[in-house]
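Below are two complexes that have chain A in common, paired first with chain B and then with chain C.
This part shows the complex of A and B:
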């Protein structure tokens, strides 16, 4: 895929820099831009969109006092939360307790390094496109669980400990079905490279009344799509799989003892993780940044897709009850694991027959 | 352009953002130490006992299985990548499928055995099993 210019290269060329200096400066600027795009998403999602969506589901109004549609609650909430006193509870394991809220948002942001976010005008918003892209993004996303365990253990709180242990159990239950289902996409695409997976979804599957339905893997293999969506909800820890947090059972799980900026970072990290989950789903099953219209507005379609996924998680939050942790183990190992391997073998046979 | 320089740059940004927020917060926030404020939260009660005790992790058999299956998925990735190109290059499908099916099949037998012996379930301690629950009382 050497023909498509990546974002860091575009910047170093625009600035007229070359060599190692150009690489480093271009990469840093590109990373800062992508990081801030994702932060802007979470800024809108956390204090505003989440409240508005939940309010709409439960027939309320929610934030509407500050600014148009209550939008200025975003800076207000940011200042308020950052200016809160940090309470350090007794007996916390100090370096670990401080590191956990750094690891969670950092790992989720790192996942965005290989996501092809599509074109916006002349710019191709993708930071890197290594050949192992899909494996890499799952590796980055999984680091989040480590942070939850760190927080759970270091807090010296029984609820936090239970939350951390539940995070591990959840990880054990969904990780293999998630990756094996993604592998069925790899069988179709024949590559792990993110741009390659997107490029493989641009053919026309069939036409309905002059409208071409593309070969998005969600249309080619809807069964795998549903399976991946379910495992993805567990990966990002949203309802019905918000077991590590479980506010009605263990207070706030692993983040019980966190306040001030540390709490904000956990909150932010979770939202970045939700958007990363949406981005992985969009790339593997929803054709990445493709959509009607010219290629240069691809980024807008990508935004629509990941916000659509965010809306879906909030819908599930309002509509679905939480499963118990022992139920999740059974769902993962007796249901999803078996189904995902069946899907893998079936996909391999179908591809073998039609290719 | 190396991909890894770019990924490293995002890692640096990803660390800078939380550290920056912590720094800003440290400059803004008040510090009003009071006794009792820093007590470990235990639903408003005085905390009893420590947290770092020996604890029955009820999914350790599942965790052991996970290690095996996780390695399996890693080993399947190369197979998945070459599968379609190999088919298109004219390799018969059965030649490509049998090794994978054998490999997955061996682990499937293992999973079936674990399923039968109840290893892929939330282990209930004998104490929890003997304890009366609300449901037991009602029936």
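This part shows the complex of A and C:
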């Protein structure tokens, strides 16, 4: 799919730069823009949208005092959180303890480097489009578990330790079904390249009353979609799988000892991971940035999709009880893994027969 | 289950006394609530085990310790789960010089905590007690605060070094980890400290450490005059909304002790407001339990508080308070329902009419949710036999299939003239306890509705809120009386010595006994189930620590 111009190339071309300098400047600017878009989402989601959404689910009003719709709570919360004292407990294992809160958001942000976020006017918001894009994004995302273990192990706190251990157990149990399910998409699309996967979902599956239903893999293989959605919830640690934090059981898990800026970084990292989870879901099952209207507003559709996923996580959080750690592992290894392999084999057979 | 008459209860007591070993009985006394037998301190365990195994006193409701001028005394208040009106007190005197008495803990496991408290506050030692150490006060405390030679003016400072780092060394036997859960932890429901030993995620051993909000409630009640100064305290044993039920516990015991009649009208008002109070408490449980099992940002939690608010509005209209009601008075209630009466009754009916729909919603969100069932069915198991040993009462006992409810089994107020059922579930697990409380709210609403009907039609000339009670009460005698609180059997023992204030005021908080069963329920389970099990007990530390 080399025909579509990527975001860094667009920038270097616009600036009239070429060669190594063009690549470097283009990439840096593109990364800064994409990173800031994602961080802006997080900034809106964390202090404001999340509160408003859960309030709507739970019959409350939530923030409404500062600014229109309470929106100015965002800068207020940022100032408040950053102004707090950073408490470093005795006996923490530095610098591991300091690195953990940086690794978590970094791993999620890295994942966005290969996500095709669609067009906005003339700009195609994708930083890179390597041929192993899907594998790469999973690799980036799973760095998160390393961060959680670092935090849990370095905090010198038993609750953190339990949280860290839970995080590893959970990620191991759900990453495999997640990736195996994603592989069924790869069989359909015949490529690991993100833009290729999106492009493979643009055909018309069938028409209902003049409305074309596209070949989004969520429609082609709803079973895989549900599997992927479930595994994704576990991967990002949201209800009913928020076991690594489980505030009523292990206080806050690996986060227990973090305050101030470090806490913000963790919080931020989790939100970026939720959005990354939404982005992967959108690319693999919901046709990426495609949607009604001209291609140049694709980015808006992409935003709608990842925010839709965010809404879904908040809904689950408001409504669903949390499973126990052993039940979680059981669901992962005995249920999801088997189902995802069944799905993979079935998809391979069907694709093999049809093709 | 048919209710036995008082006369059969008397027969049982006679039978009990004949069954006792001859050399054990010193003399007989009469307490206001029950006959009492004075037993030798070195024969008490024999006596108790005979009564438990042969006569059927399977419920050691409370253990009271007190000091007289010339002796110490331990009183075991025994009764039966099958027939609550059948009561017997065993009085065990010990000398001042050597206050040692046999421990009842091997016979009634519930006595273990009660005797620790007796040792802690009064200073009686129990021979053969498995673990006789302080329970409410810090280990380093000097003296026993409810004993006569204790210097109350001498302040005691518990040095920080006692609490500086509560993280104990790992008691490593194999791969276990010692974990302090609390006193500050999201799900200990107050300042409760659980000393847990974990093997991975599994709880091998758990020991509740209580006393963090011990506020000398018994001592304060002993300094208050019967007529007015004690009634505000029971509210403070339960801030979860069950205040009116607690007030009734004091009202009942003092009315029995001082022979005060309560006008029927006041009894109906009491019954109505008490059941609203119970709904308030059970709704809090539902909300908090959703929090324990689901985690924060949870809809059920907020729904619980939304619905509680309506009850609180009603009780505020009635009592003028939303939390510490202080509405009951000795001999009745403080004042009549608010004017305009019709509007108040309409509001109450509107709430009770809406309640079934709300409960349906809770069932949708909790009991019929598969994940919730996965978490709660067959976890925190408490077989009926074990529950009885630990003196477990209230919804926790009824969730273990024990058909025991003081409102029916030892009737007071207006309950015996209303139509309602005692709710029991046979699951013996967390799920059963949730079901019991959800279903009990329906019964409470039914009681409230009937009371409202009665009050609406009550002739205006006959609306007496309070009987004539002397300005100063100076009763004498000993009485232990209990009511069905939100958490279980809330009992109060008063020894009145003819003065204006009680000589001994002992509180049996239902959560105290219920909590003592936690290790039996949670050991061997996962830490997540420990939290769910603790939540299902619905303990409130106000009545545990007092």
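Going forward, the second predicted complex is superposed on the first by the 355 of 355 C-alpha atoms of A that agree within 3 Å, B and C clash if a C-alpha of one lies under 4 Å from a C-alpha of the other, contacts with A are read in each partner's own complex, and residues count from 1 in each chain.
We adopt the following convention: a contact is a pair of C-beta atoms (placed from the backbone, for glycine too) under 8 Å apart; a residue touches a chain by one contact, two chains touch by 3 or more.
What you see is a predicted model, and the numbers here were worked out from it, not measured in a lab.
Student: Would you sort A:16 into first (chain B), second (chain C), both or neither based on which partner it touches?
Tutor: A:16 contacts neither chain B nor chain C.
Student: Check whether A:122 is in contact with chain B, with chain C, with both or with neither, and answer first, second, both or neither.
Tutor: neither
Student: Name the contact category of A:251: first (chain B only), second (chain C only), both, or neither.
Tutor: both
Student: Return first, second, both or neither, reflecting whether A:209 touches chain B, chain C, both chains, or no partner chain.
Tutor: So A:209 meets neither chain B nor chain C here.
Student: Does the superposition put A:158 against chain B (first), chain C (second), both, or neither?
Tutor: Once the two structures are laid over each other on A, A:158 reaches both partners.
Student: Give one of first, second, both or neither to describe whether A:68 is in contact with chain B, with chain C, with both, or with none.
Tutor: A:68: touches no partner chain.
Student: Touching A:239 in the superposition: chain B (first), chain C (second), both, neither?
Tutor: second
Student: For A:323, select first, second, both or neither according to whether it touches chain B, chain C, the two together, or no partner.
Tutor: So A:323 only meets chain C here.
Student: With both structures fitted on chain A, tell me whether chain B or chain C touches more of chain A's residues.
Tutor: Looking at chain B versus chain C, the one contacting more residues of chain A is B.
Student: Who does A:59 touch here: chain B (first), chain C (second), both, or neither?
Tutor: second
Student: Report, in rising order, the residues of chain A that make contact with chain B in one complex and with chain C in the other.
Tutor: Residues 158-159, 251, 325-326 of chain A touch both chain B and chain C.
Student: Show me the residue ranges of chain A that touch chain B in the complex, using the header's touch definition.
Tutor: Against chain B, the touching part of chain A is residues 6, 8-9, 12, 23-24, 26-28, 30-32, 34-35, 39, 79, 82-91, 101-102, 105-107, 109-110, 112-114, 127-130, 135, 153, 155-161, 165, 168-169, 172-173, 175-176, 179-180, 183-184, 186-192, 251, 256-257, 260-262, 264-265, 268, 325-326, 329-330, 333-334, 337, 341, 344-345, 348-349, 351-353, 355.
Student: Which part of chain C faces chain A closely enough to touch in the complex?
Tutor: Against chain A, chain C makes touches at 177, 179, 185-187, 201, 290-299, 301-303, 306, 365-366, 369, 371-372, 374-375, 526-529, 531.
Student: Report the residues of chain A in contact with chain C in the complex, numbered from low to high.
Tutor: Answer in residue numbers: 54, 57-60, 158-159, 162, 239-240, 242, 245-251, 314, 317-327.
Student: With touch defined as at the start, can you tell me which chain B residues reach chain A in the complex?
Tutor: 1-15, 17-19, 21-22, 24-26, 28-32, 37-43, 50-52, 55, 57-59, 62-63, 65-66, 69-70, 73, 76-77, 80-85, 87-88, 93, 96-97, 100-101, 104, 108, 111, 115, 120-122
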